[in-house]
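Chains: A, B and C, in written order; residue numbering restarts at 1 for each.
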Amino acid sequence: MEYLATIGVLIAIYVILSSSYNLVIGYGGLSTVAHPIFFAIGAYTAGLLAIHSSLPAPCNVLLGGVAAMIASVLLAASALRVSGDYLLIASLGFQLGLLQLIKNLDFTGGPGGLTAIPGTVTGAARTPFFLVVSGLLAVATVVGIRAIVNGPYGRAITAMRDEELAFTALGRDATSMKIVIFAIGCGIAGIAGGVYAYYFQYISPDQFEVLQSAAILTMVVLGGMGTTFGPVVGAILLLAIPQAITFLNLPPGIMAPTQGIIFTVLVLAFLFLRPAGIVGLARKTL
Amino acid sequence: MLDPVILAQILWTGIATSAPYVLMTVGFALTLKVTGLWNFAQAGLMAIAFYTMFFVLNFLALPVLVALAAAAALTGLASLLIEIHGLQVLRDRGSGNLTFFIFTLILSEFIIYVITLLFGTEPETLFKSILSPVTIVGNVAVSDWDELAVMVASGGLILLYGFLTWTREGQFLNAVADNARLAELYGISAKRAWRVVSVIAALFIVAAMYLIGTHGGVVPNSPLELILTAVIGTLLGGIGRVFAAAAAAVFLGLIQSFSILVIDSRWQNLLLYGVLFVTILLFPRGVRLPRFRLSLAGR
Amino acid sequence: MTAVLRTEDLCKRFGGIVVSDSVNLTIDRGEILGLIGPNGAGKTSLFNLISGVLRPDSGSIYLNGEAIDAAALYRRARLGIARTWQNMLLFRTMTVLENLLIAPRSYPGESILRVAFTHRAVRTAERLARDRAMTTLARMGLEQTANDMVVDLPFGQQKLIGLARTLMNDGPVLLLDEPMAGVEGAAYETMQRVVREEAESGRAVCLVEHNVSFIRDLCSRAVFMANGKILRDGTVEELIASDALTELYFGV
């Protein structure tokens, strides 16, 4: 039961991460791989505040989101000054560099990670509580993003993706818009990080490696970029598949790379054969 | 004051250690210049190169030259296949940058996962021992590996320079790098240029991995870190400037080497990223030293 | 002086190629200025300099007497410089109406904060923009295409939509880059009529065209450019009558 509930919380968190990532790359058309680091910034900010301050938990989680948002604005503003394509490399560098910093600083717990993050709710109510909170946040994220991309703002984002030059020549500040989208997506990831920190009460740098961005990317590509429910489908699938594999009882040295192979093959297959993703496909057949 | 001998030692060791990174960076930067692509699939190629040599040397017990030839053949073939059946397909579809990035990165990860399955995660070296005979030259310790590394790197750079400047094939690469569509109008095949550069990069990768594999332990995940150095060097040198990128790789090696004097070794990696940050923020178009304009055909 | 747009000694070069050589151009309120000349003369580059796609090496641009050199591309559009593109650059995944709704100069619906806090104002703006878009489409006889995907329309209609989109920016300057290229028949007539109406309502219009009869029908004044320089400025008849220019234009 506890185990299933943890999976539930993880699914909710990954739905939040993949939906917000989809906002940035699928709708906004921005090339970035830095999503896990904003997740990390949120988690570490919330975790450190929980340990060292007496602010209430929701406040810390929110501050985690704010910290992630500020960092993302700094990154985007400097990278987009050069060009849109530059953001890809800049985000990679930012992701790796900041993670390295976290590994080397003492107050973040170093490579061992941050432990003993104080709990909030305790006892039997804990698991259902977190399940509800993360579930609600996931729903809010999906609904919120859907609201953003429908209506005039979504129209503007689509136009920017279609023909940025014409869009700009019609009086729209494309760079500001990109920064705003990036900030929103990364801020949401930061909040997910805060929840993650509070639930597991332990975070470490290797939970936020570049390979995580590959995992989130897989969810988005598989599910369908630029669709509302694609990332949701992707998140559920990508968390369900490893669970299915564990039932095969393979030795751990084989299991991890096998999972990796299955994911990467799926992404490559979809990339070449069905770039629209699962949800994109379903749309066409409806 | 500091002992000049120690300084000389650090200088020499820094240059020698940077040699494989120079090779990797040049392969990466050349690919970027000619194809316009940040080809992260090269991390996968690095893994293929190393583990092919490892397998031939340790499982088949064949001599070094066979191992090198096998690695060159396999890595070259893999690189070519990726170009023809992966990158070209995406190009024909008009795919965006993100798609290329996803493809190259995920492909590398796929290759690395397969290799993990086959070889495990223990660090491996190409030969049982990485100790290399040392000669003392003017009070500075020079190992055979150091000499080989510097020779291979310089040789590679010189050959590449000659190729790009004096052969037609090389000049075609420059033309395609400049403007692929315009080059096509003049009868130069862009596809051919891209294929040629994919093979050249593979060869540089094999050379680099041989040097790295005879100098320290390699795990399947190593290429992902190695390629980062290539990225940083390419950024510092400036996109499109291959030999400047090579110089940047040496510079990075020297920084790491000399920084031992002032900072703890555990901050070494961080230093690299610090340099990356500074580059991105202050020199996004690469560092341009006024006198440092190497005039080769192109850039 | 009724010069709405004025360029002063505008210069731009790319390596060895001079695309603008001390260009002094004025466009008056209510006039339709023709910009003619051989390919590569620098006509589109001049539009790019005025609208802000390119930065000049030297020289200035004045809109209603104020220098706009510091303004970025998007800001110049908000100041009222509207332009069309040779490649149309229509938004491919959107409908005709959606293409037009992007275009008004100010759009509260595109600011997240305003959407969140001034919801009613956003809805009103949306409604007003929709009305204006439909009116503009009606002027061209294209109201029925409002919900069609813009890529499904025939070429001539697409060009009209491109013009309609630009007209949604109701600023003082209209730059049309080869609006007639590839257009004939009813679409041609419509475009002529619409351009004339715009000028009559007070816009300063400048158009680049190779279609000499279009220029002759619409433009009172024209400017001949070659190699980045303005060679002649006068009435269309004067320019056409000049042997030297004809040779430049039609000669090898």
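As a working rule, a residue touches a chain if its C-beta (ideal position, glycine included) is under 8 Å from a C-beta of that chain, and two chains touch if they have at least 3 such contacts.
All values derive from a computational prediction rather than experimental measurement.
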Task: Chain pair bearing the highest count of C-beta contacts - done: A-B
- [ ] Among all other chains, pick the one whose mean CA position is farthest from the mean CA position of chain B.
- [x] C
Task: Central chain (distance from its CA mean to the mean of all protein CA atoms) - done: A
Task: Separation of mean Cα positions, chain C and chain B [Å, integer] - done: 49
- [ ] Please compute the C-alpha centroid of chain A, do the same for chain B, then give the distance between them in whole Å.
- [x] 31
TODO: Could you grab the centroid distance between chain A and chain C? Build each centroid from C-alpha atoms only and quote it in angstrom.
DONE: 43
Task: Touching two or more other chains - residue numbers and ranges from chain B - done: none
TODO: State the interface residues of chain B toward chain A in the complex, per the touch definition above.
DONE: 38, 89, 96-99, 101-103, 105-107, 109-110, 112-114, 116-117, 120-121, 224, 228, 231-232, 235, 266-267, 269-270, 273-274, 276-277, 280-281, 284-285
Task: chain A to chain C touching residues, read off their complex - done: 148, 151-153, 155-156, 158-159, 162-163, 165-174, 177, 180, 184
Open item on the list: Considering only the defined contacts, which chain A positions touch chain B in the complex?
Closed with: 25, 29, 31, 33, 78-79, 81-82, 85-86, 88-90, 92-94, 96-97, 100-101, 104, 210-211, 214, 217-218, 221, 253-254, 256-258, 260-261, 264-265, 267-268, 271-272, 275
Task: Complex interface listing, chain C residues touching chain A - done: 51-53, 73-75, 77-78, 83, 85, 89-94, 98-99, 101-103, 105-107, 109-110, 112, 115, 122, 126, 165, 169
